[in-house]
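Next come two complexes built around chain A: one with chain B, the other with chain C.
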Partner chain A sequence: MNTRVTSEKPRHSWRRLPQGFWWTLPSIVVLIALSIYPMIYSVRLAFGDLGNFTRLISDRTFGIATVQTIVLTAVALAAEFVLGLALALLVDSLSRAKSIFRAGLLVPMLLPPVVAAVAWRLIYNPQFGVLNGTLRQLGVNTSALTWTNGHNSALLSVIVVDIWEWTPFLFLLLSAGLQAIPPDPIEAARIDGAGPWRLFRDVTLPLLKPTILLALLLRAMDLVRIFDQIFILTQGGPGTATETVSLYIYRTAFRFSNFGYAAAMSFVLLAATMLFSRGLMRVMRAR
Partner chain B sequence: MLRLAFLAPVVWLLCSCNRAPEKSLTIAVNAGVEGTALKTAAKEWGAAHGVKIEVVELPYANLFEKEQLDLSSRTGAYDVIMIDDPWFPRMADGLAALPHEPDADFIASCVAVTRAGGKTLALPYVGNSQLFFYRKDLFAKYKMDAPKTWDDVLAGAKKIGESEKMYGYVMRAAAGNAVVADFMPLLWAFGGDVLDASQKPVVDSPAAIDALRFMLQLGKYSPPGYAGFNADEVSAHLLQSTALMSINWPAWIAAMDDPAKSKVVDKIDFIPMPGERAPGVGELGTWLIAVPAASKHSADAFDFLFWSTDAPQQKQAALRGNPPTRRSVFQSPDLVGKFRAFPAQLAALESARPRPRTKLWNEIENTFGIYLSKANAGAMDPAAALHAASEEIAQILQRAR
Partner chain C sequence: MPLELTSITKRFGSREAVSGVSLTAGDGEFIVLLGPSGCGKSTLLRMIAGLEAPDSGSIRLAGRDITQVEARDRDIAMVFQSYALYPHMTIAQNIGYPLRVRKQPAAQIAEEVRKVAARLGLSALLDNRPRQLSGGERQRVALARAIIRRPKAFLMDEPLSNLDARLRVEMRAELKHLQHELRTVTVYVTHDQAEAMTLAHRIAVMRDGKIQQYDTPSCVYHQPANTFVAQFVGSPSMNLVEKSGEILGIRPEDVELSLVDQPGWSPARVYVTEEMGNETIVVLSDGSAQLTARAPAGFRAESDTPVWFRFRPEKLHRFDAASKIRK
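This part shows the complex of A and B:
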């Protein structure tokens, strides 16, 4: 009689799973609960009623918010890139005190965006703010300088705050990129008689291209969903002068409780960001 | 070993479930003076009744979001919630009905906004309504009476403002709630409204267009950039003695008479809203307290609701800076001696009008506010702005049908 065979219990299939699975299970559950389930739920909300997408076409505020988001992203990104690169080159060319300059330039970026926006709101106050106060001391008539409160100046004022706060981010990345460039090609170009402009255009810039691409991509994605500064500085006003897509999505979801329409706008924003990122990568790779 | 690691938390959870539940209340309050008074009252009540009180204090916009999510998903996260009265129509479906009616001492306008579907679903906690703030010293200096009409306001702004080299008027005209709140008293005084009896938009009626044109005339005497102003900027101008008059809320009265903050101590008088074609009325902004239907501690929550709104507690809340919602407290001699604006506040509160009672008010107010702000910023003609606002409000109402 073969007792050995009958006494062996079959092992449950879950016991055959590797031990690592059990240790990672909590993370998998959290990931599903906090990322995957909400994503599926938002797809259902947005696409459950296709009217959400047709409404986008006739929604004047969404149109205005889209144009303004594009303008804000383009202007701020260009300015932050040019200033960030200039500062990175300048600090890189210094023979000493580089770390002091680097640390000092990073201060605006270290502030929480809400704190920076509150500070700038006080700075921009037309009557009691330090900006107009200083200009008045210099003899400038500030009666028309209403900054974030002016219909024509509000968007530009918001862009200035973003440039102030986030140029250090581009400076930081580009600075790291410059330091990673090997000295040999630069030395070789110098020996061949290349001047500073030629050196920058034909050696530094091409070698910096991967860092530039990464910096522009990260910053552009962040700019497209800009929210904190505008929420504190203008709440999208005066009128719709500083309304952006993310602010409009927030209002639609949490003030008007229209989650389906807000989800539809979020998917459009996501698609636009992905297209833009892909386009930017192609342009950069082509050059 | 691995099994033990998973078993231990389960055993702990089961043991926790067997423990006698601790009596507790979770209260959502607005981060501000209104919420501070309720928070203090809740802690006193909790200590006296042996109930653990957890206070969730949130800024205005976040409070709405959190409460709305809790009510719509019926999670029962909160046992007592503070509600700004315009939110009430949207939240009413998720609230529990009061076990008995509030007494007659409550001011009628405050109680009127707590009812829906024939039931009373909340109690008024803070008796807020707009008041008109003006510089009584300067009106006396120029031998002018307190403004009774909006024409008086304009005349005062022009004469005193120009003579004293200060802004004759200052208003909130930032997009959204701010500009709508400051426009509503003008709109009502000119005989206009937002929605008619059949819930159709009438914001582009001739009366409404006249009211907006009048607002822009007042804007000529307001500080530059007023189209982006909110309450803090308006009050800063009054406190710094750079503006003569404004519509404002009772929360700012104490600051006006505080020498540490104000250059105009005892120089500002607070009066009910000026009229024009119709008697003047201010906007009602009563804070309500209610119990969500999903609350797991509704008996204790209702006990607290009635306790915190009885006359002695309303008096305590008044001393902590909250305008009461009971007539007897407003007329209490010791409080009238302490708060000189109380008679005007009571008169304003009794005549105050709520914002239109619709679930869609947030969306309507946002749209209306955008166009009012555009007109004030000079980006649109008043008639064109109101026609566009009317068209969009009609679309909002249409979509909801």
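This part shows the complex of A and C:
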């Protein structure tokens, strides 16, 4: 009895730690080193000098980058959603070979984003790119079609690449959503007298709404942070034609070595993304 | 004839789900398609609804050939096993949907919904959503949605099978009375022979895509066309005994039992008794075969008690041993 009491008495305080602590220690160390410490460090960088935030208001490039990020997000999101939904409805209505089309349509998403961007840089090349080459063969004068090099066409060119690459993602989610809709209410509506359009508007769309909101939310959060395609295609140029917030943050930090200001902008971007997501989620729950 | 099916055939791949079914239903008639699962009864109903297209044959409703007509233009209402309510609409919107699709004025729809809801005891629930309702209430909403536009025919696909036993019997009576009031031709699919017997004016017993017998409940019960119908209808099912080149069938209530030997009766032993309260089901064994008999509630006998039985001769059914068809 006596010996058991002594043996249970902790000799060292670390013995009181739960047994699992030691097993998870390596990942905790990695997490602290690579995530938590940089996070704290960036908070100190950004908020150490509040001048970082006041400077943002008068920074013209930041303003341009913000507007362009919003335009890019809105246009790409709308196009990807409409195309993704149309494709999902189309494939869903097929009586056979559904899985072949479904798999085929996913290919752009399966490419590493960098590879896709490099491929598109070659496609867009005004002199020897396949896009202008094809147009020339069709007899189009392509001397003015400079795509990513043109001040007016650069942002659109970037948007097209994003649509090409990420429409499959919306297609995939919306397809899954369509498949999850029980067939009975749709059949009931057909018998109740609904034509194809009313069926879509009155039954399919309302039942798909949760999936739609989820898909839009996921894609919008990604679009706001868009970086790799633009970095490879245009580096934000020509001039500031394709400058986005994340690209500007990157350049501020790693070209101009202004880490405090870059960290401040990151927090603004984070806050904006969170506010946007909260708003969308509120719509979701209001359903 | 209001509803007329002629030589309907439907294949899924190489399997024939419905083969050459012809069937007519008169004005205001309540038809039940009865059969085990996979017999093609639901497929047949879905073809009448326009949810499946037959490979051959024709469907006429109220004098019009509707074989190639879209489901929405057939003027038919259907009640699904799952109720198939629109989960995002209120009960009032669910019931009024068929009228809304037909672009009737909102005030008129509201009035119709109010009337139908009152008729089915749903008035207090109109602002709720389907998920807030019990199974029985949802069932009534599905019925309300079906009757609101006074269609030319009602189709019902096992509408009561998701309800508990008590509610099922209650709704069965409700349904029968409703159909009597509306006098609309109704096709009702079920695998429950009790539902078929109580609801139908005529029962079509189906098996492997073919109609085995199409007759009144009384004829289906008392003159089954073959051994399949004989055993499928009635509970406990009919005893079949093979004897000198033919099959004899006898319903459990037509087996007489005695605890003492009587001239001309056969001996057996009690295998087991099942007391139902209002009657006792007695399973007999004569060593080789078992036989089910229906005895009055007072009948008491331990297992292995010797008993004597006989078949009421005028109640004996005879079937051909090879074709299984009634002689």
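One rule holds in what follows: the second predicted complex is superposed on the first by the 270 of 287 C-alpha atoms of A that agree within 3 Å, B and C clash if a C-alpha of one lies under 4 Å from a C-alpha of the other, contacts with A are read in each partner's own complex, and residues count from 1 in each chain.
Keep in mind that, in the parts below, a contact is a pair of C-beta atoms (placed from the backbone, for glycine too) under 8 Å apart; a residue touches a chain by one contact, two chains touch by 3 or more.
Because the structure is a prediction, the values reported are computed rather than measured.
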Specify the outcome, clash or fit, for chain B and chain C once both structures are aligned onto chain A.
-> fit
Touching A:E187 in the superposition: chain B (first), chain C (second), both, neither?
-> second
Which chain makes contact with more of the residues of chain A, chain B or else chain C?
-> B
When the two structures are overlaid on chain A, which partner does A:R255 contact: first (chain B), second (chain C), both, or neither?
-> first
Given the touch rule stated above, what does A:V203 touch, chain B (first), chain C (second), both, or neither?
-> second
Could you look at A:G150 and tell me whether it touches chain B, chain C, both or neither (first, second, both, neither)?
-> first
Check the residue A:G63 against both partner chains and state whether it touches chain B (first), chain C (second), both, or neither.
-> neither
Mind working out whether A:Q235 is in touch with chain B, chain C, both or neither, as first, second, both or neither?
-> first
How far apart, in whole Å, are the nearest Cα atoms of chain B and chain C in the superposition?
-> 52
Chain B and chain C contact sites that coincide on chain A, given as residue numbers = none
Seen from chain A, its contact residues with chain C in the complex are 182, 184-185, 187-195, 198, 202-203, 206-207, 209
Mind pulling up the chain C residues that touch chain A in the complex?
-> 49-51, 70-74, 76-78, 80, 82-88, 97-98, 101-102, 145
Could you pull out which chain A residues touch chain B in their complex?
-> 19, 22, 55, 60-61, 125-128, 143-151, 154, 234-241, 251, 254-258
Which bits of chain B are touching chain A when the two form their complex?
-> 2, 6, 61, 64-65, 68, 72, 90, 173-176, 223-229, 233, 236-237, 240, 242, 360, 362-363, 366, 370-371, 373-374, 376-380, 392, 399
